[in-house]
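Note that the chains take the letters A, B, C and D in the order they are written out, and that residue 1 is the start of every chain.
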Amino acid sequence: MTVSELPAHATAAREAAPPLPDQEPYRLLGTRAPDPELWPRLHRELVRGRRYNTQATALTRQGRLAVYPSSAGQEACQVAAGLALGPRDWLFPSYRDTLAAVVRGLDPAAALTLLRGDWHTGYDPHTHRVAPLCTPLATQLPHAVGLAHAARLRRDDLAVLALVGDGGTSEGDFHEALNFAAVWRAPVVFLVQNNGYAISVPLAKQTAAPSIAHKAVGYGMPGRLVDGNDAPAVHDALTGALARARAGGGPTLIEALTYRLDAHTNADDATRYRTDAEVAAWRARDPLTLMERELRAHGLLADEDAAAAHEAAERTAAALREALSGDPELTPGDLFSHVFATPTPQLDEQRAHLDRAARQRELS
Amino acid sequence: MTVSELPAHATAAREAAPPLPDQEPYRLLGTRAPDPELWPRLHRELVRGRRYNTQATALTRQGRLAVYPSSAGQEACQVAAGLALGPRDWLFPSYRDTLAAVVRGLDPAAALTLLRGDWHTGYDPHTHRVAPLCTPLATQLPHAVGLAHAARLRRDDLAVLALVGDGGTSEGDFHEALNFAAVWRAPVVFLVQNNGYAISVPLAKQTAAPSIAHKAVGYGMPGRLVDGNDAPAVHDALTGALARARAGGGPTLIEALTYRLDAHTNADDATRYRTDAEVAAWRARDPLTLMERELRAHGLLADEDAAAAHEAAERTAAALREALSGDPELTPGDLFSHVFATPTPQLDEQRAHLDRAARQRELS
Amino acid sequence: MTAPARIPAAPSPRAPVSMAQALNRALRDAMAEDPAVHLLGEDIGALGGVFRVTDGLAAEFGEDRCTDTPLAEAGILGAATGMAMYGLRPVVEMQFDAFAYPAFEQLVSHVSRMRNRTRGALPMPLTVRIPYGGGIGGVEHHSDSSESYYMATPGLHVVTPATVADAYGLLRQAIASDDPVVFLEPKRLYWAKDTFDLDGPGVPPFGRAVVRRPGSSATLITYGPSLPVCLEAADAARAEGWDLGVIDLRTLVPFDDATVCAEVRRTGRAVVVHEATGFAGPGAEIAARVTERCFHHLAAPVLRVTGYDIPYPPPLLERHHLPDADRVLEAVSRLQWDLV
Amino acid sequence: MTAPARIPAAPSPRAPVSMAQALNRALRDAMAEDPAVHLLGEDIGALGGVFRVTDGLAAEFGEDRCTDTPLAEAGILGAATGMAMYGLRPVVEMQFDAFAYPAFEQLVSHVSRMRNRTRGALPMPLTVRIPYGGGIGGVEHHSDSSESYYMATPGLHVVTPATVADAYGLLRQAIASDDPVVFLEPKRLYWAKDTFDLDGPGVPPFGRAVVRRPGSSATLITYGPSLPVCLEAADAARAEGWDLGVIDLRTLVPFDDATVCAEVRRTGRAVVVHEATGFAGPGAEIAARVTERCFHHLAAPVLRVTGYDIPYPPPLLERHHLPDADRVLEAVSRLQWDLV
């Protein structure tokens, strides 16, 4: 008796298995003729993205940001994520993904509010369809699935892109989100930026899987491995998966192999857990260098293009410095305004108490 | 550049992938010559197991058990689990797995204490190396991994068998447990009894995976699909996986395709979610029938063997009826005795309060 | 919020229904009125929920409106959070109190904070229904009273009906609320029957306690499964010459200080009664805040009659743990009557 | 447990160390003494923990004794539970307060109940270290005070040091305990330095509060990160003519009724101070139980100075939320001094 001859239930979920992920990461740089529109654009955003990262890190040293988890080295993923989304799609970022939100159109200062510390979120998520930066790892993934599912129920053909790190894939919420997405055929794409570390913990202590992309198999969704420092490849993989999602094809898991060139955050000491040689080897695969080399080889990047890109990047950096130069305006009473639609009588009392204390403090 | 040429981190976990699970369930009945020792023993335990199930269900109707989640139909898994374990191995059962514990040697009445309701666990887990029956789904799996890991750290070459249902595989704890087990190469075997339903929810709403065994791929461990109504096959698969675990080969995920012939518990109404035809189709694959047919075909089950098996089963049932016939002895003060090694002063006060209230009640 | 609410149950011409049926009707009416209402949970479809509260709803509204999810509570609540972000109004069923714990992080780190995090841009019109409490002979993990976890989490409304009318009315209010509501359903009252008037003026709003029984000697403050216990105690107390009032809090958050304090100031004595464990339990907050506000009216400290500070007992022992009328009266007797 | 414990810090010849260093030393000494002690957590190996509390321990004892786990808190605590079942003595580090929530189910449904479930056959000699509280400029989810969740869970000891000596001594006691301990480390005191005497008589045991400062006018009851605030308030109060006593609870479970009540009966006035939100917070239990036990000694209701009932604020606003000496004194001023 074969499985298909068994009585009903056992075969219920046994649709044709999606193909196994490739063992070799998907690459476009050096394997395909450049897209003369898209690739230079990716390059400009990579340059701007790197500058954004160095500027934000500098702002931590000046006390203008409480903390900054840099995405330097991961800009190919960030830029591709920001550009691959359609205007009606949603992005679900983690704390490290402000750049993706900025590339999508969010004001950099607004994207950084959480990390500056004047509020938890500095933008209306509806405006650019960017969910709040999420701090508890992988917890944003079920939200992404839920929003995607809701859209599908309403025949609203948007897609959702959810970002997570390699470490985050170990959390139960990763599992539950991917499983719900597959069962519901929700229009959502999961992009794992595998930068090799969860703070200090290397991937080998995180999973024994052949690849993170292979985790897709257990959910019955396609898994794909891409070179995360190859911006066109990440962009292409995301665009394809998002289109598939919008068309009702269901979710995809994409693993992008990349590296964080900076420490986990400005507060981290990366020398405790990785060698200079390792960093140098990855620096040689800097996504900017790879992109620039390729464009120059194909005559798609003249010196003046490069200069223009750098100037644009400097304008972003200057604007960011400027926006964060003053002290933010703070209204302590706001602490009580948004807990509920209408504050409870108790919160009103407490707000009055805080106001009195603040006045007292001013007087003394 | 291929993946092996990438700088360090990305390839760290990329060992050779374990083979994909077979799409066809592993079977021994009808495919292999019977083991004249083991198979008749399996048969006797199946007969006894079925009788145990019907007796326990009958005891719910007499108010002797608060509730009973029957494993009727799943006896091949239960019996194989109970017999495959070595004396130093551990079993981590769910609420449905009292039979496996009984086959392992636990006194039936002690195994049923949770379901009778006089205490949460009726046996010392060390005696037969059976963890407490676990009610919150999949939460016992990380315990099994932790115990297995501890044993490995101590070079104590035992193995651990953890049982879970198809529904339980959707929980985050399933994911975390399997991942920890694989990373730690813990000597643990996960047996999923896929009976097609989580109470009323069919497998198709639980997962879109090609099989539950395929979930092993994402953890880098072997996954195996077995016919869960073929007791020798389940026994063989478990024995192999446990031996591999003891030898340091790491964890295995085994999916056993089976069916629960009774309702979820005596309190459930299974007609709300499944058809008589479906039940009948599975009843035709009753693990007892399959086993008996095979033994008879090979001349390994004479009528007097069958009669002896049924007599032994009746003795188990009678002993169980007898053991649960009286009201259990209850000592309300026990409620305070085991919360901490030494009760806090507050608990002592509360115990005194309860004692006073009890005395009062007796007086009035 | 200032006047104490003494609203008697509206007389109804209808046949009595059980609390489970009233809840079912509330879900059905809410779904019929607002297509944004979606139910999610384990076994809520064909089975109608293990307590049958969603009976018939999948058949009536389709599986997209009443969905059997995969078995994963964090996933359910997390997905519901995303659905609320989209603009839907999800109602989640947790199968039993203790099985809401896997969703604790989603509830505490996201559901309760999303509105505040986004200055109101992402409200959470989401209801989490949790059958809670003991007294039904459930085995381990099926009888927890977990309300103190939710009370201690800012950003959540915590609601628990004790009557059939409130079951209907408060659930409708919960679903209509633009804020997340933890809706605690007292399991052992699921089968309690009463009449209620669907076309009446409705029940008092969130944040309003109801004096279920006026009394002049002392005030019993309670909610949910312990309301019948307190009413029974009040009846029995009459024989001893005590005229006990009984307040049903209905919503633990927001808390109705005005109604509670008005009563306690009048009687000068109070006992808080609930099933949850006492230490750091709901009664701690209630006793502390009543004492803060009514100190000089009190003839005796506010006492608490609660479950003991132990894991919930096995079914054959639970009656020793659960507050009953005797324990309530014993506490009342300790309210220093000699001091009058 | 009856005599109030007024044990002054032992004089020490040693150089001052930080609380983080004292905790590190406690872990090291426990590991050296007992091979059953195993540390599990995220980034506790090469990195030494984000607060460096496990610095050097993987190097000294090997990765099997100080293990960087996969990133999954329920998995960590669940695995530790299994290790404890085997007979080991696991010490788990949660990286930040809010990141303990994913492990809530394992803690509440298993760790706290395993001994009771098995009538003592499977004790849980397991310590869960959780850095908690605010005041360090952390972004969302990095500054929660979650002690009320743990206090409301029977079967857990809840411990929180406020001094360097207690950090060492209480952590050693926690690891040596045969019961599970939630060990709350006040983040903002990690860098506070003090001397302490490793060879001295040790600190008082679990369940014993310490009067850090005797006082006759009123009693401040506090713990962990709020102890320095209360001592500062007591200093400042002297100028106003108030002689405030300060009690450091040290362990929230077990609770030292004897020491606390003896002080409050003497002064007749008390204020509970903590960072956690007030509603259903730790102070509710403390105020309620002190009132129950000391009612006729009280000149005023026990007041609470706590965080507001809001999600923890962003770093630039947290100082408005955190109780400071001014807020403590303001509460003291409301203790009805005209009634003396």
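List of remarks:
Assume a residue touches a chain if its C-beta (ideal position, glycine included) is under 8 Å from a C-beta of that chain, and two chains touch if they have at least 3 such contacts.
These figures come from a predicted structure and were not determined experimentally.
Looking at which two chains touch through the most C-beta pairs, you get A-B. The chain with its Cα centroid farthest from the Cα centroid of chain C is A. Centre-to-centre separation of chain B and chain D, using mean CA positions: 40 Å.
Rounded to whole angstrom, the centroid-to-centroid distance between chain C and chain D, based on C-alpha atoms, equals 31 Å. Centroid to centroid, with C-alpha atoms defining each point, chain B and chain C lie 36 Å apart. Taken residue by residue, chain D touches two or more other chains at 69-70, 72, 74-75, 98, 101-102, 105, 109, 113, 116-117, 140-141, 154-155, 253, 255, 279, 309-311, whereas all remaining positions touch fewer.
Listed for chain A are residues 119-120, 136, 170-173, 175-176, 179, 183, 205-207, 334, 339, 346, each touching two or more other chains.
If you check the complex, the residues on chain C that touch chain D are 74, 98, 101-102, 104-105, 108-109, 112-113, 116-117, 140-141, 148-149, 151-152, 154-155, 253, 255, 276-277, 279-285, 287-289, 291-292, 295, 298, 300-304, 309-311.
Here chain D touches chain A in the complex through residues 42-43, 45-48, 50, 68-72, 74-75, 98-99, 101-102, 137-142, 279, 308-311, 313-317, 320-321, 326-327, 330, going by the rule given at the top.
Chain B makes touch with chain C in their complex at residues 66-67, 95, 114-120, 135-137, 167-168, 170-173, 198-201, 205-207, 269, 272-273, 328, 330, 332, 334-336, 339, 346-347, 350, 354, 357-358, 360-361. Listing the residues of chain B that touch chain A in their complex gives 1-3, 6-10, 12-17, 20, 23-25, 27, 170-176, 179, 182-183, 185, 194-197, 202-211, 214-221, 225, 257, 259, 278, 281-282, 285. Per the touch definition, chain B reaches chain D in the complex via residues 119-121, 124-126, 131-132, 136, 139, 141-151, 153-154, 172-173, 175-177, 179-180, 183, 334, 337-341, 344-346.
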